[in-house]
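Alright, structures below, take your time with them.
One chain, subunit A, links the two complexes that follow: it is found with subunit B in the first and with subunit C in the second.
Up next is the complex of A and B:
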C-alpha cells in the first residue's frame, strides 16, 4: 500500500472546509453568521498556504484579512444591524445576472482545468542560501522598490483622507 | 512540541495561583489582609472558586444567538493559546521552529478579537455589545504601538524566530548580554510594549471593556459557570503570554541573570550544561520566574492606577505611543547601520 501523504490529506481537509464554509455563507439566512463563516474560509486558505510551504503568505493572510479587513466588516454589519432594529436577512434578488455570472465563472474554471493543472509540491522546502523572510525583505528593497514605495504613498493618502473625513465634522461644530 | 506540552498544564496551574496572588497583592496594596478563611492564609480560596464554578449552571440567555454564544469562549482561548506554539522554554526545548515566529504569534493573537465580538454580539445584551466594541477598538489600536515596539527588537536581532533571539542573548556575563542592556534605548520600546500589552490583555488601567462600574462585566456579562472560567483563563493566559514575550525580547529569555565573576562562576553554575537535563531545568526556571516578576508588575499597576477614559485611551495610543514607536524604529535603524 502506498504511504499516506499527510500533506495531501491536510490539503483536502482544509480545501473542503473552505468550500463548505463558503457554501454556508450563501446558505445562511443570518448575515452575521455569514461573516463568521468568512473567517473560516480565510483561515482554511491560510492553512493551505502554510502546508504548501508559503508560510509567510499564510501568516500575512491571517494578519491582513482576518485581523484587519474582517474585523472592519464585522463592525459595519453589527452596527447597522443593531441600529436598524430589524433583523438583516440574506435574500435572493437579481437572479438572471447572478446565473449568467455563475455560468461564466464556471466556464472560465472549466477551460483552465482542461490543461493539466498540477498541485503544488508539498515536499521539503527548496534549499535557498537565504531564508524566505530574508529573500522577501531583500527583494522589497531592491527589485520591488518602486512597487513598495507606490504602495506606501497610496496607504499614506488613504490615511490622510480618513483623518480628514473623520476630523472635518468636529471642525464645523465649533 | 515539548514546550507546548509543558505550557498547557503550567497555564492551568498558573491561573489558580495567579488569582490567589492577585487577591493577596491587591490586599497588600490597599492595606487589607485578603482571603484568610479557606486554609492557611486563604491558600485554598482559588480551589474553592474552581469547585464553585464547576457546579454552576451553564446559563444561556433565551434571546442570545446560541451558536455564537457557545463558541465564543473557545475561540478566545484557542487563539490566545495558539500563541504559545512558538515560545521557547530553554536552549533545547523550543516551540515550533516556524521561521515567522513572532509574526505568526502577533497574527494569531489578533484572532481573539473575533471571539470577543462573538461573545459581545451573541449575548444580545447592550452591556455585552458595548464591552465588545470597546474591547475591539482598544485591542486593534494598541496592536500598532505593540507591533512597532517588537519591530525595534526584530530589526536589531535580524530574525523573527524567538529561539534565535534567545540564543543571541547567551553569554558568560549574565544580564550584560540582555537586549535591554546591550541596546540601552530599548527601554523606550519596552515601556511602550508594556503599556500596549496591558491594553491587549484588557487589564486595568485599560479594563474599559469590562469596566464593572459602568458595564457590569462587559463582553462576558451573560456568561456563567465554566464558560466564564474559560474567558478568565484566556485573560490570564494572555497576561502570561505577553509577559513571556517581554522576557524573551528584552530580558534575556531563558538566560541566567548572574554573571561569571572571576573564579565565582555564577553564570555557569546557574545555566547547566547545554544538552543535559540541568540546562532545561535552569532555562525553564529562569524564563518562568522572570515572567512571574512581570506579572507581579502587571498586578502592581492594576491596583495602583485608576481606569482611564475612552478618549484618553485612544489619544494615548494614537497621539503618543504610535509616534514615539515610529521614532524608535527609526533610532533602531540608525543604530543597526552605524553602531
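Up next is the complex of A and C:
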C-alpha cells in the first residue's frame, strides 16, 4: 500500500514539474534558460515512463534526449547566435493567435474527455511472465525485426545527411 | 492505480504548450524545442496505453518514435546551422530568400 501511494504521489509531482517547466520555456525569452528547462521536462517525462511500467523507454529517454539531443541543441544555440557576452534572447510574436489556438485546442480536448472514454476501462494489470526489457528485446528480434533494420538504415542516412549538410561549404552563387 | 485520463490530460497539456512555443518563438531552435515537446506528448500516450498490454506494442512504438526524433533533430540542426552560415540570421521571420 505504501508503495502504491508513493507511485501516485511521484506521478503527480513529476507531471506538475513537466508542465511547469514547459510553461517556463513558453514564457522565458532567454534561449539558454529554455534549453535547460527542456532538461527538466525530459527528466520528468522519463520518470513518468518509469512509473508507468516502462523502464526501458525511460532509460532510453534519458540517454537519447538528455545525452544526445540537448547537447546538439546547446551546440546549435552556440553556433547560430552572436556570442558577444550579452544574453541570448528570442523575441515573441503572434501571441494572441497562439493563445487563442491553445485555448481552442484545450476546449476540444476537454469536450472529448467529457464523454466516457471507451478504452479507459482496463482489466486488472496482467502479469508479464518476463521482465519488460526482456520482452522488448525479444520483440525487437522477432516481430519488429524489419522495422528495426529500417530504423538502422534511417539513422545511418540521417547521420550522413547531417554531417554532409553541416560540414560542406556550398558555393556562393551570388 | 493512476487513471488513464490523467495521462491524457498531461499529454494534452504538453502538446498545447509545444504548439504555442512553435507559433510564438522567433528563434529557429526554439521551434525545434516545441517539436520535441509534441513528440514527447505523443510518447506519453503510447506508454500509458501500453501499461496493461503484455505484448508491449505501445512501448515498441514509442522507442521508434524516439529514434525518429533523434534523426529529425540532427538534420534540422544541421540545416539551421547552414542557413545561419549563409545568411547570418537565426530568426525564422527574417528568412526571406531561398536561392541557396
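Rule of thumb we're sticking to: the second predicted complex is superposed on the first by the 127 of 174 C-alpha atoms of A that agree within 3 Å, B and C clash if a C-alpha of one lies under 4 Å from a C-alpha of the other, contacts with A are read in each partner's own complex, and residues count from 1 in each chain.
The rule is short, and it goes like this: a contact is a pair of C-beta atoms (placed from the backbone, for glycine too) under 8 Å apart; a residue touches a chain by one contact, two chains touch by 3 or more.
The structure presented is a predicted model; accordingly, all values stated were derived computationally and were not measured.
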| item | value |
| --- | --- |
| A:54 touches, of subunit B and subunit C: first, second, both or neither? | second |
| Touching partner for A:62 - first (subunit B), second (subunit C), both, neither | first |
| Contacts of A:141 with subunit B and subunit C, given as first, second, both or neither | neither |
| Touching partner for A:153 - first (subunit B), second (subunit C), both, neither | neither |
| Contacts of A:132 with subunit B and subunit C, given as first, second, both or neither | both |
| Which of subunit B and subunit C A:38 touches, first, second, both or neither | second |
| Touching partner for A:78 - first (subunit B), second (subunit C), both, neither | first |
| Superposed model, subunit A: greater residue contact from subunit B or subunit C | C |
| Contact residues of subunit A, present in both the subunit B and the subunit C interface | 56, 60, 75, 132 |
| Residues of subunit A touching subunit B in the complex | 30, 32-33, 36, 39, 55-56, 59-60, 62-63, 66-67, 70-71, 74-75, 78, 82, 131-133 |
| Complex contact set, residues of subunit A against subunit C | 4, 7-8, 11-12, 15, 18-19, 22-23, 25-26, 31, 34-35, 38, 41-42, 45, 48-49, 51-54, 56-57, 60-61, 64-65, 68-69, 72-73, 75-77, 79-81, 90-95, 97-99, 101-102, 105-106, 109, 113, 117, 119-120, 122-123, 125-126, 128, 132, 135-136, 139-140, 144, 147, 151, 154-155, 157-159, 161-163, 165-166, 170, 172-173 |
| Touch list for subunit C against partner subunit A, complex | 1-10, 12-21, 23-30, 32-33, 36-37, 40, 43-44, 47-52, 54-56, 59-60, 62-64, 66-75, 77-82, 84, 86, 90-91, 93, 99-100 |
| Residue ranges of subunit B touching subunit A (in the complex, touch as defined) | 65, 67-68, 98-100, 103-104, 106-108, 110-111, 113-114, 117-118, 121, 129, 133, 136, 140, 143, 160 |
